[in-house]
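Some structures to go through are shown next.
Next, two complexes with chain A in common: one pairs it with chain B, the other with chain C.
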Partner chain A sequence: MPGETALIVILLLPFMAAFVAGFLPQTARNTEAWLAGVVAVIGLGLSLWLYPQVTDGGVVRAEWTWMPSLGLNFVLRMDGFAWLFSVLITGIGLLVVLYARYYMSPSDPVPRFFAFFLAFMGAMLGLVLSGNIIQMAVFWELTSIVSFLLIGYWHHNASARDGARMALTITGTGGLCLLVGVLLIGHIVGSYDLDVVLASGDTIRDHDLYAPTLILVLLGALTKSAQFPFHFWLPHAMAAPTPVSAYLHSATMVKAGVFLLVRFWPVMAGTDLWFLIVGAAGLSTLLLGAYFAIFQQDLKGLLAYSTISHLGLITTLIGLGSPLGLVAAIFHIVNHATFKASLFMAAGIIDHETGTRDMRRLSGLRRALPITATLAMVASAAMAGVPLLNGFLSKEMFFTEAVENHTGSLLDQSLPYVATLAGMFSVVYSLRFIHKVFFGPDAVGLEKEPHEPPHWMRLPIELLVLACLIVGIIPGITIGPFLASAVTSVLGPETPYYSLSIWHGFNLPLLMSIVALVGGVLIYLALQRYLSSGIEGPPWFRNLKGQRIFERLLVTLSWRWAKALEKLLGTRKLQPQLRLLIGTVLLAACLPLFMGRFAPNLSAFVGFDLGFATMWAVGMACAVIAAYQAKYHRLVALMLMGGAGLVTCITFVWFSAPDLALTQLLVEIVTTVLILLGLRWLPKRMDAPELVRPATLMVTLRRYRDLLLAIVAGLGTAALSFAVMTRPAFDSVSRFFLERAYTEGGGTNVVNVILVDFRGFDTLGEVVVLATVAITIYVLLRRFRPAAESVGLPEQQRIQADFDAEQPHRRPGDTLTDYLNIPSVIMQWMFPVIIVLSMYLFLRGHELPGGGFAAGITMSIGFILQYMAGGTRWVEAHLRILPLRWIGWGLLFAGGTGIASTLFGFPFLTSYFQYLEVPLIGRVPVASALLFDLGIFLLVVGATVLILIALAHQSVRSPKAARAPRPLGPVGGEQ
Partner chain B sequence: MSATIIIWSVSIAQILLALAMVAATLRLIKGPRAQDRVLALDTFYVNAMLMMLTFGIRTGGELYFEAALIIAVLGFVGTVALAKFLMRGEVIE
Partner chain C sequence: MIAPGDLPLWAAIIVGALTIGGAAFTLVGSFGLWRLRSFYDRVHTPTLGTSLGTVLIIVASMICFTVLESRVILQELLIFVFVSVTTPVTLMLLARAALYRDRAEGNASVPPADPQPILKAREAEPDA
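After this line comes the complex of A and B, so read on.
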């Protein structure tokens, strides 16, 4: 198996397994754990197998085309540093899976847990293996989203929801900044490929955009790694199940930030700005995190703040900008992952066994949990930096670097003191953790009697602690080679000489370590009084809650300011909205006109035709009066709109667009009927306000202002349209269509060929929308409750029914039967004629005006006519109309034609045409587009008829219409 | 000679039809009753159909006749719907 295959397997396997895991039964705890474990083992095994290829700066690379038009490729790339991270992610992932198997209660929905867990593993692997920086940003956001789901796993818990939301808001915003930063890098370098970017360090550092790019990338990294002042999301993320914390906050999530910093270190570090931002953020986080950790009462809270502090340490090392600092940073990334994962797991065991994580209630557990206590003690010692453990080595390297002079600034000068102080604090909180929980008298009042957990649950901690010990005692032969390959891959030829030995002689760093250890113990003793008082949080600082500030900020931004803006600019009235909209448009249109020159081509006024002009005057009058009457006289407005529409149709004909005219005409007819159907259910006619109370001066003025606005905007639009249309035509795309319609689409009706062939995909999208709209209307109308005033029978029907009842020789319903009796017969006879017309329009659509849409509308007019002639009951007793099936078949035909072309190896919706010899008719052109058009025809008929019937059924369903002899089934006829 | 006659008569016919449309529109706008308006709209449709026919004669294109045909076959649907609405208060019962 070549390296490329291994890489893609490492990346894809977790995602596929996540998909599978999500569908396993709720109780499949063991299967889930096995699945996740096997995935982690395979990932780990493949990573280890790839190791020989990544030593000495070697790179395994696999590339697939992604968006070649944008120069983007999907690149997987593993070098020594990415290798180190993949091993951490899969290795610690494996241990966490084992631990989680015993930690998760059988009542928890485990499929969700393992599915998210595996997806997170995949996202993290994708991030570290990305060889394309855009792709890296995508996986970066994916880790934010999946971590949101993991932190909020117990979503019945308010604190879990809040913590998850906060983590997502902060890391997600950072991710967006990162994306912009990455785009800027791509702009500077000219490529998004990581290898190219890594080779252009000087270009980036010397570019004008260096500062904004750096700040954006750093915002991404620092939010993810919970650096001050973005640190506060991390403690709240502790509401997650402990395995999640152990994974996210030791080896993965928060390490993504420092991963990114190390990744871009060769190209962005080494400047004053870098030192200032990264160094200051790291140093303040280191100190504050450690200080806060001392005063936590929650076990996981203590570990969370210590994580923040250690991340600050790593960030500081990266910020120094010296190669040796980077070596120490990478080394500490690994060390921190091992001891912190084991400590989180130990905290989880304590929680599991005692039922609490509150250190005020825990005490003397070393008698009940002797092995766990020993393991936790070793891990804490590593965290505190006690010699012969791995934490000591990297901390010693940090002290060495801190003493070195880098820039000579105040920040640099204070470094050794701050480092020592932070070292003392870390001794204090490690000591406190051990002393408070495991020593002292036995705890009283615990919910459970604590005893050692199952051995398999403890095994991950044992392995991790063993690693801490081995690395701490013989670093050179255990971690040495792997660290070397990681460092070489980042620094290349700049790799400095460094020594991993434990004893460097009696020097300043060792002295600092001793001071930190002794000082830490002394501070702990001095703080006994304050700590035993049981107050949560450090003195003074505890009043300053990051969460409170964050939430205030969010409320202000997303609620108060939004509300204020809405109050300022928003309105629920249609008139002010339209006024704003049209006024803005007017201003926007006037601006370029004032700056430029408005020169319509007036010589276009030739060939004035009196007949046409009169007709247009009629059309305009209809349109204006329809608008005027729209509010108080709906029926009049509707009829006038019909007149205006008809004039439009004639205009289309006049200017040789028969296709448009045909379609417009048909749509006009259907629209009239549909609006009439709806008119029945609208509230009763409103009385003009003048009749109620006289218009005041203000109202009159307002109306004239609106009228003026309308006239100006309308005339302006007309003038602009005129100016555009009288201009000499550009060499637009239409010539392309005109030339190729017959040669490539096989039809002479260019409009139809464009619709069903050139832009077939577009049409497919449109008809899908049409189908969706029809179904939505159908569904909405099924539960439609008319307004109380329009529920009853219309006035006319009441009068006619009373008349029928009064007259001795008439029976009820006679008026209805007699009404339009002869026209009804003709209308019923018209049905076949209309079908033939529709078929005619459909079949010749490819050559001459017509086509699926026009034919479909014609056909649905035929149906409408039947409904009007015979009434709903008569039609549905005689005709089986299943509009939903029409829609379904239409979609199948249209989509199927498209897919069929892929079967022959052509792109989706490629059309094919051919002349066929048909008996009797002769040579006819047959294009596969005709089938597509058939789909459109079916769909248009189905959609129109579905809407129509849904409206028509309202009068049947209306309660007063209880005269119905039998209840009607659902409109679609589909049970 | 005959071409001149046709051109002239078609132009006059078009102007007259347009005037007929104006008349129909006046009724459409003025009313006074809804029934008058429905009739006016129907007249409008008929005029439009005839207008299309004159176009067809003027240009010799067949497509205009088809447009006229469609108005002739389907144009009455709107009128029927309106009539039904006025008489019964709803279009489809």
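After this line comes the complex of A and C, so read on.
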């Protein structure tokens, strides 16, 4: 298997597995864990297999065309640094999967968890393996989104929802800044390819746009890595399940920010601005995070702030701009991932076993959880930087770098002191974690009796702690080569000499370490009183809540300002909206015409036909009066609309377009009936005298102005159409259609061939719209509550019900049955006839007027008739109508026919036709377009019937909902 | 393609007469709809078009295409069947609605809704 295949497998496998995981049954905890575990093992194995190709600055590259018109390729690229991250992501991912199998309770919806988890793994791998910086930004945002979903996993929990929203807002905004920054880089360099970008460091640093680019990229990186002042989302993200915290919020996702900084380090670092921003942000985060961590009462809160602090340390190292600093940063990324992931898992075990994470309630657990306690102690010692553990090595490197002189500025001068202070703080919180939780008297009042978890749940921690120890004791032969390949891939020839040995002799950094360890212990002893008082948060600073400020800001932005703007610019009244709309259209049409000195060619008006003109006059009168009556006489308006529709229909016949005429007629019928059904639910008109105010002069004037506007816009549209249609006909595409319909589409009905063959893709789009509209109507009407005055039974049904109730020998509903006696029989008998007609229209559609659309409408008219004849309940008791399935099958048929042609190597929706000998019937043309048409037929039936049912069910349900005052009759036909 | 000019004169005369006859009946029906005042009177006049008018035009069409295509064409009969089956439904529903409205408004010119006399008459019949 070549390297390219391995890369794409590493990237795609988690996404595919996420898709599968989402569809597994709710209880499949083991299957899910196995699936995720196998994916992680394959990813890890492939990464390890690729290792020989990425040593000594080697790069594995795979490229696919993405958007060639923009010069964008989808590039996967693995170098030593990306390799290191891939191994972290898949390796720690594997351990977390194992841990999560035992952590998640059987009542949790595990498919969702593992689906998101795997999707995150894929997104993170995509981010580190991206060889195209836009693609990198896309995966970057994907990690934010999946992280949002994972933090909000227990979405019944308000803090989880808030935390998820905050994380998404901050990291998502950062991601947007990153995208702009990346676009700027592309603009400066002239390519989005990472290799090209990495080779043009001087171009970027010397460009005028360097400062904005840098700031935007840094905004992305610093928000993601929770650097001050964007750090506050991370503690709130602790509402996520602990495996998520261990994986995303300590080992991988928060490292994306520092990953980006290291990635762009060769091309953007080394300037004063870089040092100032990255150094200052890192240093303040390092110190503040450590300080806050000391005073947390929540176990995960302590770990979260300590993560912030360690990320600050890494950022500071990157900010220094020296190659040795970068080596230390990469080393610490790995070390922090190992000890912090194990600590999070240990915290999860404690939570799992005791039912609480509150350190005020935890105590003396070393007796109940001896092994977990030992493991947590070793990991904490690594976090504190105790010698012989991996944390010590990278911290020592940090101290070495801190005492070096870089720029000589105040920030640089203060570095050793701040570093030592932060070191002390980290000793304090590590000590506090261990001492408070595992030592002291036994805890009282815990919900559960704590005991050691299953061994498999502890195994990930054991492995990670073992790694801490091995790397801490023999770094040179364990992590050494991998670190070297990662550093070489970033720094190339600039790679400095560094030593990974534990003992460098008695020097200043060692002294700083000793000062930090001793000072930390002393501070912890001094703080005993304050810490045991049980106050959450550090003195004074606890009043400064990042969350409060963030929410204030959000409320101001998204509520107050938005509302003010809406008040200033928006209106809820329909009339001004329409006025603006029509006015804009008028302006947009008039301006270019006026500027282009357009003159209509009136002499082109020839061929006046009195009969046709009379018919159109009737049609126009219908339309105008319908508009005039629409407000007060809806039924009249509807009838007149039907009249206008009929005139359109006759027009089609007049101009020899039988197919259009047929379709128009059928559509008119369905539209009229459906609107008729809907009329009943419209609110009654306001004719109460107290509601109808006399029109003032202003109102009258306004109405006349609107009338004028409407007339001008309408006449303008008419004039425009007239001008267009009287132009000399140019050689349009219609001739092509007429000539090719039979020879290439295999049908003599040109309209149908155009619809299902030549422009099949348009039709597919249109029917998808139709399906969407039908489903939208259905969804809207499902929860629809009509206006108060139209909830009750209509007058006619009330009178009927009263009449039936008064007569002793009549059952409720008899009157209706009597009235519909003959009509309903005839309507029901017509049903098979209509079905036959519909089939006939469908089958002959390719040759003669008809086709799937017309047949579908006919079929749905049949259904409408049944509803009218028998009433909703009768029909649904006798016929099983599943319109959603019809729609689904329709989409499948139409789309499937299109896809089928691609299987034969033709473009999407290519149609195929052949003559077939059918016994009894003879030679019939069979086109694959017929299958497509069948899809349209099914979809049209489904969509129309769905709308019908949505309306019909209103009358079944609504009297019940309204508790009408009178006894109810059965709800029958919708007359 | 069949052009109307292919029709022999004798057939053209018959077809023309029938078509014009059918159209005339329909026109008379429409005229009645306009002239008559009461709804119950008016409801009858359009049936002139749907019955006799349709029949004449259908026969004209059958003769015309039978002669033109030199084979017996009978599918127009279906039109006749469906029109004569479905038109009464419309009329019945319309008349019922009108009657209903008049009764609801207490219009004295329509018979009352009380079905007792009818029921009594039905009971009197031996096989009811």
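Please note the rule applied: the second predicted complex is superposed on the first by the 572 of 975 C-alpha atoms of A that agree within 3 Å, B and C clash if a C-alpha of one lies under 4 Å from a C-alpha of the other, contacts with A are read in each partner's own complex, and residues count from 1 in each chain.
Definition applied: contacts are C-beta pairs under 8 Å (C-beta built on N, C-alpha and C of every residue); 3 or more make two chains touch, one makes a residue touch a chain.
Since the model is a prediction, treat every value here as computed from it, not as a measurement.
Novice: Looking at the overlay, does A:Ile535 come into contact with chain B only (first), chain C only (second), both, or neither?
Specialist: It touches nothing on chain B or chain C.
Novice: For A:Ile822, is the partner it touches chain B (first), chain C (second), both, or none of the two (neither)?
Specialist: Only chain C; A:Ile822 stays clear of chain B.
Novice: Check the residue A:Val673 against both partner chains and state whether it touches chain B (first), chain C (second), both, or neither.
Specialist: After superposing on A, A:Val673 lies in contact with chain B but is clear of chain C.
Novice: With the two structures laid over each other on chain A, which partner does A:Phe803 touch: chain B (first), chain C (second), both, or neither?
Specialist: In the superposed model, A:Phe803 contacts chain C only, not chain B.
Novice: What is the contact status of A:Val555 with respect to chain B (first) and chain C (second): first, second, both, or neither?
Specialist: Neither partner.
Novice: Is A:Ile650 touching the first partner chain B, the second partner chain C, both, or neither of them?
Specialist: first
Novice: Look at the residues of chain A and decide whether chain B or chain C touches more of them.
Specialist: B
Novice: I'd like to know which partner A:Ala621 touches here: chain B for first, chain C for second, both or neither.
Specialist: first
Novice: Quick check on my understanding: which residues of chain A belong to both its chain B contact set and its chain C contact set?
Specialist: In chain A, positions 795-796, 819, 823, 827, 830, 833 sit in both the chain B and chain C interfaces.
Novice: Taking the touch rule as given, give the residues of chain A at its contact with chain C in the complex, in rising order.
Specialist: Within the complex, chain A touches chain C at residues 795-796, 799, 803, 807, 809, 819, 822-823, 826-827, 830, 833, 975.
Novice: Which residues of chain C touch chain A once you look at their complex with the stated criterion?
Specialist: For chain C paired with chain A, touching residues are 82, 85-86, 88-89, 92-93, 96-97, 100, 104, 113, 115, 119.
Novice: For chain A, which residues count as touching chain B in their complex?
Specialist: Listed in rising order, the residues of chain A that touch chain B are 609-612, 614-615, 617-618, 621-622, 625, 635-636, 639-640, 642-643, 646-647, 649-650, 653-654, 658, 661-662, 665-666, 668-669, 672-673, 676-677, 679-680, 793-797, 800, 816, 819-820, 823, 827, 830, 833-834, 837, 848-849, 858, 861, 864-865, 867-868, 871-872, 948, 951-952, 955-956.
Novice: Mind listing the chain B positions that touch chain A in their complex?
Specialist: 11, 14-15, 17-19, 21-22, 24-25, 28-29, 31, 34, 37-38, 40-41, 44-45, 48, 51-52, 55, 61, 63-64, 66-67, 70-71, 73-75, 77-78, 80-93
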